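Structures given as C-alpha cells follow.
Next come two complexes, and both contain chain A; in the first it sits with chain B, in the second with chain C.
Here is the complex of A and B:
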C-alpha cells in the first residue's frame, strides 16, 4: 500500500496499467479460461474423503435380504396404480400400516401459471402418502427422508417396491435414533414442495437431517447415478456424495455422476476430455438453477439431499435390488449415526469425477481472473475521466467539454433498460391470455414468444433513449455510463458467482469481453453482431446445444430451437413454481446490464 | 386362703403392671422412633394393551407418611419413606416436588392418554413453602442436590431455563397457597435417561428391587422399549375425609411402552416374562397392598382377550374420562401365585378400537434460512360438540427472540382471541420467554398458535460442543379440563387404584389432562469453528492492512510539498528580495 501512497510510484503504476490495459485484459481472460479447464485435470484436484467423523469411523453391516419381495411389492404397486389410474392411495396406506408405520396422506392442488407442455399438466391435483417409522425412545426431534416418486406409466415401480421393502426391514431394527419418513410423492417436485413447505398436514417428523430420492425402473441395474444439483444451483454437503461413493465401493456397485463412469487414464487426452465433459455437465446443470431431481427443493431448507437413479444399460455386469437395498441400508445407518447436521465437508464444489472434487478455493481464481478485467477497465475509464483532456492550442479549455455530463444522460439509459427488464419479467405471464386470443398459439408458446419479443424489442433501446435525451451524447457521457455499467456488471457477476459459481462463470465468459471492448468508436455492424451473439439469450441457445453435445445426444438446429423454447418456458415455470432465481436474475439484472453496453455501442 | 388370695391378686397386679409398663414402653419407643404417625406403602402395576398393538405398563409405588417435616421438627427416623428425599423436603422447605425423566415421546394419537404425562427429557417443578425467602437461591441449591440424588444433569437448570408459570401448574396436593412466586418450573429437553437414572430411582423404594413389583424393573428390558418415563412426585395429602391433619405422599411412577411389532413379529401375545424377563414370586413384604391391574375393557365377552391365569377379581375405575374394567391380581394373596409359586401373566388379544383422544397437540418450526422462523403449535379438540378451554404454556429460550406482536391464534380459519395472556419477555442470557394463555378450543377443530422469532447470534463461547446439532426448545404444556363422558369420581379419600387418583378431581363432568408437545430442535447461525485461526488471521489482516490503507487512500489527496527552507536560507532570501535579485 506504500506503493499507492507515494504519488510518483502511484502515477507510474497507473500509467503502466492504462498503457498495458488491453494486453493485460487479454492475458487475464486467457488465464481464466485456462485455469478453469485445468480444474478437470486430475493432478490438480483433490481426492474425496469423508470429513464427518460420525460417518467415517463407525462400521455398519448391511443385511437387507428382501430384494425379491420388494420387487413383488413393486409389481403389486404397479397393478394397483394401473387400476386406480394414478396414485393408489388406499393400497399404499394399507401397505405402510401393515409394515408398522404411522401413515399420513397429504392432498395438494396447484394451478400452474401456464400449462407445462413437457409434463402435460396445468391444474395439478395429487396426494402424497408418507409413513413415519418412529425411532424408539427418540423425542421426534430429528428425521431422515427416503422418497420415491409415483410417476405415470411404468417407471419407478421398483423404487416404490424397494422403499416399502426397506420400510419393512427398517421397522424391525432397533438401532434407529432418528425417525425415518418413507414418502411416495406424486407429481414429482410439486408434490415434494407440498410435502416440505410446512403446513398443518405436511410431512413432519422433527427437523429433517438428510433426504434421498430414489428412482428405479428396472429389476436389475448396471449402475447407480448420483444427482446433486438442486434449486438455484445449491449442492448438498460433499459428505453425502462421499457416503454414496464409499458404499458403492464397499458393496461393489458401479456408480456414476452425470451418467459418466470415472476413468483411470487421467494422463491420456481422452481421459482428460472425459473428466472435462463430466465437469462441464455439472457446470451446465448447476448454472441452469433447476432442481435436477426430486431432492432439489430440500436443499433450501438446509437439508442435505440427493437423488439416486438406477440405470440399466447394455453392460454385462448387473446389480440386483437386494444389493441396492443394502446400499441404501448402509447409507441410512450411517446417516442415523450423525450427531450433528452434515457440515464438516464442502458445500461449494465441482466434481470432475465421483472420486475427485474441486473446492471453492480452487475454482474461484478462474472467475477472479475474469472479474479483474472489469476492474482494470473501470480503472482505465476512471483515469481517462479524471485526467483533463489535452489543452487546445490557445491554452483555454472548452468549459462545455470539461463539465461532467448531466446525471440524466447516465440515469436515463439505466432506468429505461431496467424498465425493459421489468417488462421482460412481467409481460410474458401477463399477456399470455391476450396472445392466445390474438394469435394461433398455445399458452406456453405465447409466454415464450412474448419473452423473446420483449427481449428483441429491448434492442431498440438506444433509439428510445436518444429520443428522450435532448442534445448529443458527449464523449464524457459514454465513459461515465460505461464506468457505471462495468462496475455494475462486476458486482452483479461477483454476487452471482458466490451463490452459483457456474452461472456466474458462464455469464462472465460471455459478458466480460463485451464489457471490455465496447465503445461507440468500434465498427458498428460487426460489433453489434458480436454483442448479440454474446447476449444472455444467445448464450442460453448455445448452452442448449453444448449441453446436448456433452450428453452425447446431438440435436439438429430445428430440434435445438424447440428445446431452446422449452428451456425458456421451464425456466419461467421453475421461477413461479419453486422460486428459482435464474429467470428474475437474467430478466431484471443481467439483461438490463447488457442493454447498457448495447446503448454505449450506439452512443451518438 | 386369704394369703393365697392376696398373693394371687398381687400376681395379677404385677402382671397387669408389667403388661401396661411394657405396652407403655413399646408405645413410647415406637413414638420415639417414629416421631410421627403411621406410614403405609402400596405398589401397583397396570398393563394396558394399546390400540396400535403396543403394550403399556405403568408402575406406581406410593408411600404415605403421617409426619410433619416443617415447623422445626427434626425428623430423624425413617422407615418406608426414603431419607434422602425427606431431608430434601425439610432442608429446602419444599411443599410439592414433581420430577420426571423421560426417554421418547408419548404418541397420544396411537396410544391415548397416559396415566402420568411427562415431556421428553427431564422436567422439574417445585412449590416451596411460603416461609422461604430466597426462592431462587433455594431452587438453585435444590436442583444441584437432586442432580446428585438422581444422577442427572439437573444442575444445568439455571435462570435461563426456569420460569414461574402463573396458571398452568397448580399444586396437586392440599393447600390454598397459589402465589406463583413460590413455584419454579424447568425442563431439560436434551436430558438422556438411562440405567444410571433408574438405579437411584429404584433405591428409593422400601424393598429396593429385591422383592415385589420392582423385581420386574430390569434395565435391559425397560430400555428396550418405545417409551420410558420415570417420575417422583411428593405432595402433602389429607389423612382422612375431614382433612384435619396432613400426610406426605411420595409417588414413584414408571411408565413404559413395549414395541410389539419389533419383538413379537406381529403376534399379539405378551407375558410378564417376555416383557421384563422376570416373573413375580411375591409381593413386597412391607407393602400393605400389591396389585396388578389388566385393562380388559374392550372385551366384555372375553373374545378379544385371553388372560391366563384367569382371575375372578374384577374392578371398575373411572380414569381419564372413561369407565374401564380391570382384572385384578392381588399379590398379597398366596393363591395368586398358584402351585408353581410364580406369576407369569400371559395376555393374548385381538385388535381393538381406541377412543380417539379428545385433546392432543403438535408443534413444529416453519420457514427456511437462519435468520427468522415461525413456531406453530396445533391443538386438536376432537370432541364432536363440546368446546373447552385449555391453558397453553410455552417457555422459549432467550436465543430465539419471539416477535410477540406476530402472535396469532386461529381456529377454523377465524381469529380466536385468548381470554388470558401472561407474557414475560426474555432477557438475554438471564431468563427465557414465558407465554401462557387461556384459549377456548371450539368443538371438532384445530387451533393454531403461531409466533415468529429471530435467531440470535451467540457469543462464540456460548455454543454447545456440537452446535450444528441444533438447540432444543422444550415442549409446550397444554393443561385442560376436558369434558368427561362418564361421571368422574370426586371423592378423594375413597380407596381407589393408584393410577386413577393422581390428579385431584373437583367436579364430575370433567377431568384434568396435561398434554406435552414434541420439543423442537432449532438451528442457530453457527460459525465455522473448524478454522478460527484462519478467520482471525484473515480478519486482522483485512482490517489492519486492507481497510486501513484503502481508507487512507480514499479520504486523502496527496500533494508534493517542498521542504521548508532553513533559517539561513530564509534570511538570505529576504536580503536578496530587498536587493531585487531572484531568491535562491
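Here is the complex of A and C:
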C-alpha cells in the first residue's frame, strides 16, 4: 500500500515506467517469447505422475485373449458395412444383443449451414448404435464410454471389431462397478453430438465419468497415438493421459503424442527441437479450437475424454490387437476403480512429450509478459493524457487543446469496427445463396470468399467514415482511442488465454506489437503493411503453413492457399455445428479490435 | 434573453479565470477582482434562481434528458427482445437469490394457488413487491424500465438542486473571503457544473451494469428507484417524504437504514439546526424524524401483514438477508467464506461481516458532518460492497454519483489502476464462471479471487474519492500550495 499512498515513490515509479517504456516493452516481448520457447526444455518441465489415488496404487491384471476373434468380427462388420452401404444397423444390434448388451439405436439428421467439401456432406442422416453393459453389482448411476466411429470406406473396421470383442469379454467379468457404454457412431462428430445431446441422462446410462474413442485401421500397429485436444481447446484431466502412458509403459506398446515419439536426448539440439515441435503442434491444435478426435465434444459436458489412434508405420516392431485390447482393458479397469470424477490432476497443461508436461503456472508468465506490454503502453498513454500541456508564458492555456476529445470521436470508430465485425460474422452465411447465383462458385467457396471480402472491405471502411462524422481528429483524440483499444485488447486477450491459452498466446504474439507501436506518426505505407501482415487473417495463413511444416508435410503456396480456404470454412462449420467459439471470437471481437489500431494509423 | 445573459456570463467567467488571475500579483487588482467576482456570482445566482420556475426547467433541460431516456429505453427494449435476455437473467452477477425475477414469478404462482409465497424457500421479496407484480406482471418489462427512468430523473433533479446549493455556498464563502488566494483554480465554474446532472442521469441509464440488471428484471432496479426518490426528497428538504422513502428502502432491504445519518445531517443543515448534542432543537428534530420514519415503517409492515395475513415474510426476507443461508456465488464477499467455514463459527462471523455495513456510518458521519451528500455516496458504496447479496445493480447506483465529484479528479491517485481492475474483473467474471461450472477445469477459488479483486478495487475507488474530497476541503481552507516549515513542497498523506 505504500506504493499506492506515497506520492513521491509513485511519481518516481511512474516516471521510470514512462521514460523507459519502449525498452521495457521490447525486453518484455523478448522475455515472453524466450519463456515460451523454454517451456519445451526438459529440465524446466515436470514429469507426469498419477495424482488420482484410486487409479494409482491398485494393481490390475490384463487378460484379454480374443484379439484374433475381434479381427474376424471386424472383417464381418466390414462386409456388412459394404452390403448396407453405410452403418449396418441391424447386424450391429444383433451382434451386440448376442453379447448380452442392452442395445439402443438412435437416428439423427442434420442439415449443415453449407456443404462441407472436405467430408462431402450437406444433409446428414445417420444412426448411432450403442450397447450398454450393466454393471452387475452397482446402481446405474455412473458409466464409462468406449466408442468407435463407423466411417465410410475401409478404415476403422478393426476398431469396431475390437470394441465388440472387448464387449464380449467385459460381459463375462464380475468386477464392473460402472455401466460401460459401447458406442458405434456414424458421421463422426455429428453423430457424437447427437448421441450426447440426445438424452439428458447421457445415452441412458448413468452419468458418464470418462470416455475413450478408438480409431484402428490395421490388423497390427506400430504405435498408439493419444489425442487430447477437444472443442475450444479444452483438454481432459492430465490423469487420463497419465493412465494411457502408464499402461503403454507397462504393456510395452510404443506410444506417441502429436504423432511424435519421445526422445531421450533432451540435451542435444535435435532433441530440444523435437520437443519444441511436439509442443508447438499441441499449441497449434489447441488454438484452432476444433475437436481433433471424436472425443472432443465430451469435454464440453464435463466428461474426461481422449481419442486413441492406432498407427501402422514402417517400423519393424509390431503390436497385435490382443495387446491393444489388454491396454484398453487395463485402462477401463482402472477407470472403473474411480470413486469420483477425475479432478486431482491438471486441466491446463501443455505436453512437450508424453512423459513431461508444463502446467498453467509455468506457461502463464509467458503470456503475462506479453500482456504487461499492453498495460505499460496504457499507463504511458494515461500519463500523457493526464499531464496538462505546457503553459504559455502569460498562463493562458489553449482551451481547445485542454478540452477532452468528444465522445463521438472515440465512439464512432468503436461502433463502426464492431458493426464490421457483425457483418463478418453474419454475411457469409446469409449471402451464400445470392453469391452462388451471381458468381460461378460453389456454396462453400461463396461463404469463404464472402468472409475474406468483408474482411478486406473492413480495412477501407472505418477510417473514412469516422472522418466524415466527427471532423478533424485531435492529438488527444487518437490517444484516448488508443488507450481504449489497448485496454480492450488486454482484457480480450486475457480472457481468451484463460479459456484457450494457445489461441490467446498466438494472438498476443501478433497483436501486441501492433498495439504497442501504432501511432498516426509512424511511416504510413510500411506500418500499414506490417499491420496487415500481423492481422488475424494473415496470422491464420501463417499458422496453416507453420502447422504443415511442423507435421513435416510442407506444402506449396498454391496448396497452402487452398488449405487456408478450407480451414476457414471448417472454422465456420465448427461454430455452427458444435459451437466452437473461435470464429465468433475472431469476427466479433478480435477483428474489430485490430480495426481500431488500423483506424489509429490513419488518424487525421 | 436568459440564454444570452448566460453566455455573456460564461464568457466573463472565462476571462476572469484565464486573464485576470495571472495579473493578481498586485493587491489593488486583488480587491478589484474580488468585488468583480462576487458581483458575477450574484448575477449567476439570480439567473439560477430564475431556473426554479418549472417551465424553464422543462424547456431548457428536458430536451437532452428526454433524448437520453428514449435512447436508454430503446436499448433495453431491444435487449428484452433478443435472446440475450435469458442468458443475462441467469447470471449470478446480475441477479441474487433476493432479486431474481424467476423467484418473483414462483412467488406469484404460489400466491395464485392460495399458498403463502414464502413456503418453499424460493421467494424472498417483500409482500409489497409481490402485490405490485400481482397487478403489473404482464407489464413487468415496462415496470423495470420505468423504475430505471424514475431513478435517473430523480438523481438528475437531486443533483441539480445540490449543485445549486454548492454554488451558493461557494459564493458566500467567496464573498466572506474565506478561501485562500491560490485556491481560485479549485473553485468550480458554472460551465463545468452545468452538465453534471445530465451526466449523472447518463451514468445511471447507460451504465452496462444498470442495463444488465434491468434486462434481467432484477428487482434491484426497484430498490434503486426508492433510494433515488429518498435522495431527491431529502435534498429538496421534504422531511416527511424523506422519512417515508427511507422507511420504504429499509423495508426493501434493511441496509439503507444507514442512510438516515446523512439524511438527518442534511436536513438539519438545511434548517440551520446545529449538530450539537446539548441542544434541544437537535434532539427534537431527531425525534421528529424518528417518529415519521418509524411511523411509516410501522404502517408498511402492518400493511404487509394484512396483505398476507401472516408474519411469514419476516424470517423469509430479513432473516434471509441477515443470516445468509443461500451461498450461491455472487460478486460479494460472503458466499465463499461461509461455504468454507466451520458451522460453529458461523454466528460470530455473520455478526462480523454484517456489522461492516453499519460500522462505518459513525466515523464517516463524524468526518463528513458538513458534507452529507458525499456521505450518502460513501454509504451507498459501503452498502453495495458489504451487503450480503450484492449485484451489479447496486454498484450502478453509487457509480451514478461519480460525475458529481468530477471536480475531484485532480486529486485522485489510483483511478487508472482501479478502472483497469474493475474493467478486467467485469470481463473475467463470466469467463471464470464458464471455466468453473461448464468446463470444469477451474474451480471456485478462481472465481472468488476475481470477486475479491473486484471488491478491493471498489474499496480503493471509494477511499480514493474520500481522500480526494478531504484533500480538496483541506486545500480550500489552507491553500493549494502547501509549504513545509523549511519551505519545501509539502504533501498530504491520508492516515
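Brief remarks follow.
Keep in mind that, in the parts below, the second predicted complex is superposed on the first by the 589 of 604 C-alpha atoms of A that agree within 3 Å, B and C clash if a C-alpha of one lies under 4 Å from a C-alpha of the other, contacts with A are read in each partner's own complex, and residues count from 1 in each chain.
Just so it is clear, a residue touches a chain if its C-beta (ideal position, glycine included) is under 8 Å from a C-beta of that chain, and two chains touch if they have at least 3 such contacts.
Remember, it's a predicted structure, so these values are computed and weren't measured experimentally.
By the touch criterion defined above, A:134 lies against chain B but remains apart from chain C after alignment on the C-alpha atoms of chain A.
Shared-chain residue A:361: touches no atom of chain B or chain C.
Contacts of A:378 after superposition: chain C is touched, whereas chain B is not reached. Residue contacts after overlaying the shared chain place A:300 against chain B and chain C alike.
In the superposed model, A:491 lies in contact with chain C only, and not with chain B. Look at A:142: by the touch rule set out above, it reaches chain B but stays clear of chain C.
Shared interface residues of chain A, touching chain B in one complex and chain C in the other, are 4-5, 7, 10, 300, 302, 341, 343.
The residues of chain C lying in touch with chain A in their complex are 14, 18-19, 21-22, 413-414, 416-417, 420, 423-424, 427-428, 431-432, 434-435, 438-442, 460, 491, 493-494. Of all the residues in chain B, the ones that touch chain A in their complex are 103-105, 107, 110, 120-121, 189, 223-228, 259, 261-262, 362, 364-368, 370, 376, 378, 446, 448, 466-470, 472, 518-523, 526, 530, 545, 549-550, 552-553, 558-560. By the touch criterion given at the top, residues 1, 4-5, 7, 10, 100, 102, 134, 136-142, 171-172, 174, 198, 200, 204, 206-207, 300-302, 339-341, 343-344 of chain A touch chain B in their complex. Note for the complex: chain A touches chain C at residues 4-8, 10, 234-235, 299-300, 302, 341, 343, 347-348, 375, 378-379, 382, 394-397, 399, 487, 490-492, 494-495, 498-499.
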